[in-house]
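Structures given as structure tokens follow.
Paired with chain B in one complex and with chain C in the other, chain A is shared by the two complexes that follow.
Showing the complex of A and B:
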């Protein structure tokens, strides 16, 4: 049992140890690499002096605000498109044309319109988060068990009652998966925007460390971003299990 | 006490008359049913049997208002059907798909009451009474996934009874259940329907089930679906799983129905 749980940690530990030994044996002096122990020290130091927490706060603030806005728009649009066929057909081309635009390609426009800072970053994160939520929600609404739609018809539910009592609850587990994906996208896009232009958060901190020739700090921030993303996803997976775990599909007749 | 209405009205016959007049329907460019005419009297229990592809289920969906006829009219208590009505309830065979998996048993029954605009304060006692009626008194807090197939089908029946239907339409409701569960549910449905006075159309591929339950058995011929047989079942009520099935009349009807199905498939 314990051995099973420990297995996934073996490879990372071996690699870190190997890196440490390699760095010491070669008396590593580099602008891009650092020994794991130096990285750990740099991470601890930036945590102690508060700079890590401020940068994390800035990044997560932008990521979460953008996620909230983008997911809300994606959810509303996905529901509307999934429920109303004519609307879906009317907007299909428009959506398919806008969706492939990489969110980062909007940086120049967003920069002119909104300037540096949270607002611009939030807007770009929101744009990136709309699509996965919209596409998943629309598909989930479309795929609601046809039998349930008939039950709604037989009971003469109003369109609003059908949406709130049948369609949304039936689609919710898949919508939550979309939200989880969007959360990952939000963090990636937020850090990308910070690395590219925005003097905020963890992305900007990495750039600063790189330009100051502090590879240990730069790599420490990289490790930290990985940990934040991991924790975010783990938290959402846990929430997903708590919320939807027991709603396994009911026993099906043959 | 009764979930069927207020006081005395509960025990009187409250069924509606279902009438098919020259009904035809095309689905996917093909005539599924042609020139189908029959009447089901208020409170009557009619079973529909037939070879697969004879349009049994389609006929039931026409009666439910889920399909509209391409030709002819389906009427209920004198009014032409234009769509589903809340006083006509339909029990689907695939209970696993017809129940809301995210709602408890009580919540599933509540759906019908919510649809009918019953105030929330009045729902709980009615839900309890309905679950009690279908033999699920202690299972209100369970989710469908925690219930056996038979229990799930009882739950779907409870939700239909919550509509206080004047007609109950059942589409092979016990087709997916084992023999023991099926017999128990047959007797329960007879008791529930007898108490309510609802008109029933019951589609099944089990010929003995049709005779056991029905006042009448209609046999459909396939391609396109049309009436081939209309049998009156003169067997005493209440029906009994042993005595009824050994009754000479039961055996005679069974022979007649088997012959009909065999020739219709040939």
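Showing the complex of A and C:
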């Protein structure tokens, strides 16, 4: 009988062991695959020579800068649309026309307007991060307990005071969920932009490893990107539990 | 639709039209270099020209094909795998954590691996699109199976239903809202990955079209492509939402 806590680790261990045995038994010589031990060595080597850290820094810098800009715009717009119904209805068609544009489609526009580099990547990440934050914030603001609005009226709060003292604190747990989802989007978009065109960061590093026919390094970077994504998400989930505890809302669709 | 809703809709369209007019004014006044920002008139002309010449049609069909094939493959595999994993408690305990671990992995990061395996081919694009869009669906299906009301299983046991009957008569219908929501998310992922794969592999499609237009500084063609991609995103999402409402109509009653 295997203890429940060990169960999640069985499958990965079996897979890695099988891959290692398979690679050794077949004396793997390939441009596309590598044994897990070689991948681990390549990961360590690129961590030691610093290239991994530089690439990670570049990717996270672009992702976080874009996230900060996009989330700020999304938050402000979501608050405005959630609080002022007229504005929301008037802008509905405009927003629904822009939102479905896939963020990578803007890549060529950003490329000719801003050139290669951080700025172009940050702009695309920001565009992608606006929407989840905007949609969640708008919904969260609208769903604020109506009695709190009555309290605001009774206290004769100004619209600004109502927004900062009542609406935002009440909607904050859900806004944080939106921020966490947007952080995931930011990393995905940053890596995607780097893989597609931008010669920066982890995405460019993994493309270079592929073109240089270094499968161990390529797969090591893939594992690393997965770990970064996992760590980012796990960290934010933890922060959410710490900050909001039982007020943390369940995962929502959309 | 009540009169008020119609009025608001019209107003909303008017606001959108005003933004397009503003775009035209900005472009005409050359506040932004026309190399980067063509006016809506030039973008529209490029759109008409592209369709008249048949070239944009081919690109549009190419992108739709990549997207649809990858998404359908992901849907089929995702639902079958999700059913296999979700319908067994042991499988859920052993497999689901690994899948949750892999979920935050940016799907585009497997593109280099797919290129190494398949080269710059349609097979590469198909495998990447299917791999990327399977996650929302697979996890939603597993979750849907895990969340089936336990009493329904008791009913199944009392009726002596076989495992297959339980899956088709109880678990799948009960999980269908999760599965459809997963399919909707997958659709968006499929579009994004189609565009990226077309850019990288030079496959016939709008992704390749917009990148080539940008490289040649044909900004009107570029905007025409981006507008079409936005239209694909809107129409597929709306279509899927309509399918969801239609398929899930039975849930509105009696629950």
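Heads up, the rule we're going with is that the second predicted complex is superposed on the first by the 241 of 254 C-alpha atoms of A that agree within 3 Å, B and C clash if a C-alpha of one lies under 4 Å from a C-alpha of the other, contacts with A are read in each partner's own complex, and residues count from 1 in each chain.
Heads up, the rule we're going with is that a contact is a pair of C-beta atoms (placed from the backbone, for glycine too) under 8 Å apart; a residue touches a chain by one contact, two chains touch by 3 or more.
Worth saying up front: this structure is predicted, and the values here are computed from it rather than measured.
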Which of chain B and chain C A:242 touches, first, second, both or neither:
neither
After lining up the shared chain so the two structures overlap, which partner does A:147 touch, if you call chain B first and chain C second: first, second, both or neither?
first
Touch check for A:113: first (chain B), second (chain C), both, or neither?
second
Looking at the overlay, what does A:196 touch: chain B (first), chain C (second), both, or neither?
second
Partner chain(s) touched by A:188 [first = chain B, second = chain C, both, neither]
second
On the superposed three-chain arrangement, identify whether chain B or chain C touches more chain A residues.
C
Chain A contact set shared between chain B and chain C covers 253
Which chain A residues qualify as touching chain B in the complex?
145, 147-148, 150-151, 153-157, 161, 165-166, 169-170, 172, 246-254
Using the touch definition up top, name the residues of chain B that touch chain A in the complex.
64, 66, 83-86, 88-90, 92-103, 111-112, 114-116, 143-145, 147-149, 152, 163, 175-177
The residues of chain A that touch chain C in their complex are 4, 7-8, 10-12, 31-32, 89-94, 96-98, 100-109, 111-113, 184, 187-188, 191-192, 195-197, 202-203, 206-207, 209-210, 215, 218-219, 221-222, 225-226, 229-230, 232-233, 253
As the complex stands, chain C meets chain A at residues 8-9, 11-13, 15-16, 19, 35-36, 93-95, 97-98, 101-102, 104-113, 115-117, 181, 188, 191-192, 195-196, 199-200, 206-207, 210-211, 213-215, 217, 219, 222-223, 225-226, 229-230, 233-234, 237
